[in-house]
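Below, subunit A partners subunit B and then partners subunit C, in two separate complexes.
Here is the complex of A and B:
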């Protein structure tokens, strides 16, 4: 008998704008010890489906309309809240996407770890703490006894996810539901977490449902795959079959949209005019001063985030800046934009020394130097229509005469692939990908020479990612722009960048053509980064 | 920690100096003086009185004299009640005002936090709307209206509680405490609701639910500590407000507390008494603000760590 067998599960949300059918009659099974990946883009219903099993969907507005979900022969959906509580965190555990926010900041790790035992098994606190210590050790956290008394903020992101895993395993569940557990983590940390889950799974014959949008992750970890789109399972099968012989059109589209880290597409080196240097950094150092976090301690702390960085950017070139979180890549970008003041060094942009620029000079600089941010949801003013958003830079920098405003804005919309008819709409009326297109249009409005793109596609689904990357390549070529492309995602870097700089602890440790970085990495760290990328190919991981 | 307290005390000195100077000038700008009474005093007596209390000296000399007096802990004699010093009078009124403020705070916290919790657990239902509407009324209704209404209902119509006095019967503290505390209860209810709603939508609450914890454990163990932080920060200003704002309630209920002295002193142009109570209240406000900052910091483990490093 299957461990979990879901039959025609339907969950809807009753919102002011009408009924959203998030999950529409899906059926699947999970066997003991098996790993099933549910893959789909945001809004496909993959998380809602799993939350419904444990009745964790907020009700209202959510409602589980129909269906059955047999877990060891008991229909979880027929259980009362009291009954289903006995399953949560006991027989079925969950880990979540963001370990930074999923642990209670006001309770120490020990208190949080023991709860599944003290509630479900009435274990004494002392015994539970002993088990918690063992669990922390099992997930690879040293000095577990001391760590139990610490609070979540004293752990790094990867460590917190380990704590979450330890907590999920405390009561020895039979099924673990992992909701995008590594999306918020760096690629090297992600690899470690996978190893850990796989090892524990083998040891305990644990079944895992892995919710993810990343096909690379799927290939690496899953036995079987369910592909979800618009609340329905459009295809399911063994990982190998899904990758090698996708039947459904949507599955094929997902596979096509993977930013080519493993696709045998030739590297492009389009360094338009390699002789002409548009941006020159010489021995730039920058530090970040941590403001006193509280009234109780106000020694400023200074972190040297960017150290001795020198690089040249040619006209018409896309330079990738890659590294894990905290490596200083965003700070370096901000230094060029004059949002962070460097400690020493020289930054020359198109012949002008930026480090000695006056405030007025910086304002003029903004015209030539634009930025696109990571989160298109947060970086557009929700109270300004697209027209106003695009009008602002035009007005501010006197780009065109007022009579031309309407026409220029329509052109911009057209150029980024949006309908000029939508210019009166507000940001919330657009999807994430469309919003990023608006952000690109805004950057283009002032006809800049250099665009700095800070993780511009990290918040987007893979199919959308591919489209936005295409658009960026197109505009760089068309307007002979130069671009610094900051990303933690090597597959995206490989797709779009001509040259790549690898940053580690504030320094550029390797810089060269993207092809060379990927094919002949010189530094140990670069090799480690590359090998940690999940490859969307099940054969690579020896699945049979 | 000590460093923090030390610097807050240092910061308080200029604040107090400004308070003292402004009050000193303002009370003297107000028309009339301490010895203007219904029955006129002869010019000779007035001159002697002014001489006796050093009121004939130039203003800046008086100011410096007064400051040096404070340094030695001497707030001077009361102009109106020459037999008693300001310090004595504050000492007499203070325990009563403190007791009243304490009960009022209890009322405010008890009612405020429970109403806020009720509302936050089921937002946008009757359980939310009723307490929050009552809270809105509580915020809008000034104590000089609330007090008489309560007296009318519970003291005169129902005859459950005494209408005034302090310490004569056990029940006479209830109405003043409710009158004084109700406004703060309303604020605390709204604060609690807002911050609990925010905390309850956090990811770590979802984690707690996924662990299979019962609702009351989630609310009291996982959510309340974070949810009450804004309330704790509000407590400092609230206690100071209760102490210094008690005069209306003290007047309504005939309570011989500090607040009444304060108002009487202002009417009487009792310069030293006004100065003394003002300085005293300023010190209280500064102290309670500091205290609530410290408590809030200690409730938050992230800030505690900062202290250790």
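Here is the complex of A and C:
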């Protein structure tokens, strides 16, 4: 008998704007010890489906309309809240996406770990703590006894996710639901977490449902795959079959959209104009400043996050800047943009020394130097219509005569693939990908020479990522722009960048053509980064 | 590429134009706006349209219930209640709006500057607010009255000078939250000046809580005025205000209920209208709140 068998589950949300059918009659099974991946883009209903099983969907506005979900022969959907509580965190455990927010900052790790045991099994605190220590050791945290007394802020992101896994394992569950457990983590950490989950799973015959949008992850970890789109399962099958012989059009679209190293596409290398250096950094140092908490002890804490960085950017090329979170790549980008003042060094942009520029000089510079941010939900003013957002730069720098405003704005919209009819709309009326297009249009409006893109596609779904990357390539070529492309995602870098700089602990440790970085990495760290990229090819991981 | 017909080009509108259009469609808010405008209109015209004089007493008549000569009745001195409510409205509305405007002006500027600059400037500015908070309000007002003498204008200023403290705190907190969003950095990179950024990027995004706070401040200021007047620091008889009329009405509630009923009703209607208008404005200024 299958461990979990879901039959025609339907969940809807009753909102002011109408009924949203998030999950529409899906059926699937999970066997003991099996790993099933549910893949889909944001809004496909993959999380809602799993949350419905444990009645974790807020009701109202949500409502589980119909369906059955047998777990060990008991229909979870017919259970009362009290009965379902016996399963939550006990027979069925969950791990969430963001390890930064899913632990209680005011409780030490030990107290949080023993809670499922003392609650569900009435285990004594001493015994529970012993088990907690064992669980921490199992997830690879050394000095477990000492660590139990520490608070979440004393752990790094990867460590916290390990703690979450330890917590999920405490009550010896039969099913683990992991909702995008590594999306917030760096690739190298992600690889370790997968290894860990696989090892534990084999040891305990644990079934795992893996919710993810990343096909690379799927290939690496799943036995079987369910592809979800618009609340329905459009295709399911073994990982190998899904990758090698996708039946449904949507599955093929997902697979095509991956900008990856596994795809035998040639490396992109447009030499740029090596004689014309548009940006030159020499021995730049910059710090991240933490504000003091008390007026009486006014001592700013400075963290030197960019160290001795020197690099040249040629006109017309896209330079990738890759590294893990905290390596200083965003601070470096902000230093070039004059959002952060450097501690020392020289930054020359198109012949002008930026570090000694006056306020008026900086305003002129703004016209030539633009940025595209990571989060398209935070980078547009929610109280400004698209028209006003795009009008701002035109007006400020007198790019065109006032009579040309409307025409120019419509052209910009056209260029980034949006309808000029939508210019009166506000940002929230657009999807994530469309908003990123608006941000690109805003950057283009001043007709810049250099655009710095800070993780511009990290917040987008894969199919949207591919489209936005295409657009960026197009505008770089069309307007003869130069671009610095900051990312933690090597497959994106591989797809778009001509040259790549690898950053580690504030320093650029390797710089060369993207092809050379990928095929002949010189540094140990670069090799580690490359080997950690999930490859969307099940053969690579030896699945059968 | 240049295939854009004129139909494709849609004229953009500012947030304020959009907000007005949205407010116009909110019936409750519009009713509030009409009632408030009516009140203000009456208050302005009172000296010319009031049926009686606010101080003319008819002691022999005393308090009579509403009748055809005195629509809302008279008080114990035989003064026409309608007239006194109209004159009282002049004082109460003026206190409510002017004191709140003073609080708004100082509070928003102070809070926005502290939050925007941040760092040590913020710390010092907010400690100043804390110190002013700690000063006993009554002593502050009495001192002002002693030094500058009693005047209505001073009363407005004094109340405004106290109410801005909370406003500054609310605004500063909101600004801190907005300040570090990426769209502010994007505005810096576009080359906007700090003042432009505060005006066009920060303030529109903090208006929601500010408007709600305004609709709470106006009534509390009106009641504060009644309290100060009761202590002899505010409006003096024979002049009156809604707050004073109500507190007088409470004393005589059992014999002459209309002396409480009518001023209370007028104040309640005003406050309801304010709340409806405030909620409407908040929604109208938030593009996410409504679809049109």
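Just so we're on the same page, the second predicted complex is superposed on the first by the 537 of 544 C-alpha atoms of A that agree within 3 Å, B and C clash if a C-alpha of one lies under 4 Å from a C-alpha of the other, contacts with A are read in each partner's own complex, and residues count from 1 in each chain.
FYI, a residue touches a chain if its C-beta (ideal position, glycine included) is under 8 Å from a C-beta of that chain, and two chains touch if they have at least 3 such contacts.
Note that the structure is predicted; figures quoted are calculated from it, not measured.
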First (subunit B), second (subunit C), both or neither touched by A:103: first
Touching partner for A:363 - first (subunit B), second (subunit C), both, neither: second
Partner chain in contact with A:167 - subunit B first, subunit C second, else both or neither: first
Touching partner for A:439 - first (subunit B), second (subunit C), both, neither: second
Chain touching more of subunit A, residue-wise (subunit B, subunit C): C
First (subunit B), second (subunit C), both or neither touched by A:410: second
Contacts of A:392 with subunit B and subunit C, given as first, second, both or neither: second
Which of subunit B and subunit C A:371 touches, first, second, both or neither: second
First (subunit B), second (subunit C), both or neither touched by A:89: first
Which of subunit B and subunit C A:203 touches, first, second, both or neither: neither
Subunit B and subunit C contact sites that coincide on subunit A, given as residue numbers: 295
Residue numbers on subunit B that touch subunit A, as the complex places them: 1, 4, 202-204, 206-214, 217, 221-222, 225-226, 293-294, 297, 299-307, 309
Subunit B-facing residues of subunit A, complex: 54, 56, 85-90, 93-94, 96, 98, 101-108, 115-116, 119-120, 151, 153-154, 164, 167, 292-297
Subunit C partner contacts - residues on subunit A that touch it in the complex: 17, 291, 295, 298, 334, 337, 339, 362-363, 366-367, 369-371, 373-375, 378-388, 391-393, 396-397, 406-407, 409-411, 414, 420-421, 423-424, 426, 428-429, 439, 442, 446
Sites on subunit C touched by subunit A in the complex: 1-2, 4, 8-15, 18, 118-120, 123-124, 127, 181-183, 185-192, 200-201, 204-205, 285-288, 291
